[in-house]
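What follows is a pair of complexes built around chain A, which joins chain B in one and chain C in the other.
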Partner chain A sequence: MDVRLPAAIRPVLDNGIPALMVTCSADGIPNTTVISQVYYVDDTHVALSFQFFNKTIRNVRENPRAHVTVNDMPGLSLWTLELEFDHSETTGPVFDAMDMVIEAIASSTGMSGIFKLRAADIYKVLSVEKQSYRPNA
Partner chain B sequence: MLTSDVATFLQGGQCIHLGTRSETLEPTGVVVVAVSVDSDRSHLTAFLPKVGSSEVLANLEANGRAALCFARPVDDHACQVKGTYVEARPATKKERAVVEAQWDQSLRQLEHIGMPRQLWSGYAVWPCVAVRVRVTEVFDQTPGPGAGAPLA
Partner chain C sequence: MIPAKIVRFLEYANVAHAGTRDARLVPHGHSVCGWILAPDYRTLTVILPEGAQAHLIESLEDNGQFAVTVEKYPENETYQFKGHYVSHRPADQSDVELVQGIRERFIQAVLPYAGELAEGALRSFIQRPAIAVDMEVREIYEQTPGPGAGARVSVAEA
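Let's look at the complex of A and B:
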């Protein structure tokens, strides 16, 4: 049965706060990085930006699993997503929407010419969990 | 071994994240609120809020593989430390001041880029687990053409 993203996560994905992503190579070396956006594709998929051919991109092509944490500060929570890389898109509405956000981030942070979207990587959501900052509060 | 400059950067109140993986290569991670580099610059201690750290700690006990990303929000300067797990223990009361000072530095940086510290006021920074890691490699992770280069 497909795992579905709850409606409550939509504003969290759109809040502009960078997310954290962990991947792992085929030989078992983890890698962690900051990512600028987690784009909602539909209730079973998200897209992450492929800007540089870096370790993260190499890892998910060797081992498709990824772990992403997004901050829900007003909700005093973290959301964790277990993902599996599905495919890349270099044209189309998801790519165009992500490209526009990347351009906006690049120009506002002085990174124009460095941040450039090469592809929108589409991931299937395997699990989603909300965890309170203060579970005992 | 970390250079003096890198060691200073790591302890400068950056945004820090620890990544691990399970025996079946499923990655997972947790926010780190402070880091202390040993005087030998070959080991560091990462302070993880106890809340939410159990899966990462189980992975470290099982296979020892650790990756830490350090990112400075004000200019996107970043590096990645790879290492092997040595031990985990409850952070001491004496270490609490170090943890809170670095967390405060981190919040100041986030304020500088427009994220008010009040947004993080609910974050359970303490108690922490102190995770000691032996550093094996360190890489530049600043966005741009130098990303991925070793920082010896």
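Let's look at the complex of A and C:
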């Protein structure tokens, strides 16, 4: 049975707070990285940006599993997503929408011409879980 | 030995996240609330909150692989530390005090950009410590966003 993203996660994906991604190479070395955008594709898929041919991109092409954490600071919670890489898209509505956001982020951070979307990597959602922070004094 | 530039970075960085993988090569992410470098400049103690412990020790004891990304926000100066699990213990009072210092650094750095986020939300983001994991750092990678990200930083032998 497909795992479906709850509606409550959509504003969290759009909140602009960087997300954290963990992948693992075929020879078993984990890799952690900060990602700027987790794009909602449909209720069973998300897209992540492929900007540079880095370790994360190499890893998911060797071993498709990925773990992503998105933070909902105002909601005092975080969401963890277990994902599986499905395919890449270099044209189409998902690519165009992500490209626009990447360009806006690049422009606002002085990184125009450095951040460039090469592909929208589409992942199937295998699990989704919400965890609440324990409030600190 | 971790280079002096990275030693200094660890003292002013303000947020971190860790990764492990299990026996089936499934990656797992873990929130991190603190870190401190041991006097040998090779062992990094990574402090994690209670909610970060799913798959953590089980994965570390299976294969020892541990990766930690540490960042200085808002400049986005970022390094990833890769290495091998050495040991773990429950967090103690010194960890609580260390995490409190990192929490204050994080709040001071983020509050000017936080918009409607209340200080309480930022304070809760760096959670209370529950467990401390020692790792032997074997590799460090530059991860500041941009085309230089991914470059290996030299870690000299002692």
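In this section, the second predicted complex is superposed on the first by the 134 of 137 C-alpha atoms of A that agree within 3 Å, B and C clash if a C-alpha of one lies under 4 Å from a C-alpha of the other, contacts with A are read in each partner's own complex, and residues count from 1 in each chain.
Definition applied: contacts are C-beta pairs under 8 Å (C-beta built on N, C-alpha and C of every residue); 3 or more make two chains touch, one makes a residue touch a chain.
Everything numeric here is computed off the predicted structure, so don't read it as measured data.
Undergrad: Since both structures carry chain A, what do chain B and chain C do when superposed there: clash or fit?
TA: clash
Undergrad: Does chain B (first) or chain C (second) touch A:Thr33, or do both, or does neither?
TA: Once the two structures are laid over each other on A, A:Thr33 reaches both partners.
Undergrad: Just chain B (first), just chain C (second), both, or neither: which does A:His67 touch?
TA: After superposition on chain A, A:His67 lies in contact with both partners, chain B and chain C.
Undergrad: Which holds for A:Cys24: it touches chain B only (first), chain C only (second), both, or neither?
TA: Both partners, chain B and chain C.
Undergrad: Please report the chain A residues shared by its interface with chain B and its interface with chain C.
TA: Touching chain B and chain C on chain A: residues 20-24, 26, 28-34, 52, 54-55, 63, 65-67, 69, 73-74, 76, 78, 80, 82, 111, 114-115, 131, 133-135.
Undergrad: Mind pulling up the chain C residues that touch chain A in the complex?
TA: Per the stated touch rule, the residues are 17-21, 25-29, 31, 49-51, 63, 65-69, 71, 76, 78, 80, 82, 103, 116-118, 120-128, 141, 143, 145-147, 149-150.
Undergrad: Quick check on the complex: what are the chain B residues that touch chain A?
TA: 15, 17-21, 25-29, 31, 51-52, 63, 65-69, 71, 76, 78, 80, 82, 115, 119-120, 122-124, 141, 143-144, 147-148
Undergrad: Can you list the chain A residues touching chain C in their complex?
TA: Result: residues 20-24, 26, 28-34, 36, 52, 54-55, 63, 65-69, 71, 73-74, 76, 78, 80, 82, 111, 114-115, 131, 133-136 of chain A touch chain C.
Undergrad: If you look only at chain A, which of its residues touch chain B in the complex?
TA: Going through chain A, the ones touching chain B are 17, 20-24, 26, 28-34, 51-52, 54-55, 63, 65-67, 69, 73-74, 76, 78, 80, 82, 109, 111, 114-115, 131, 133-135, 137.
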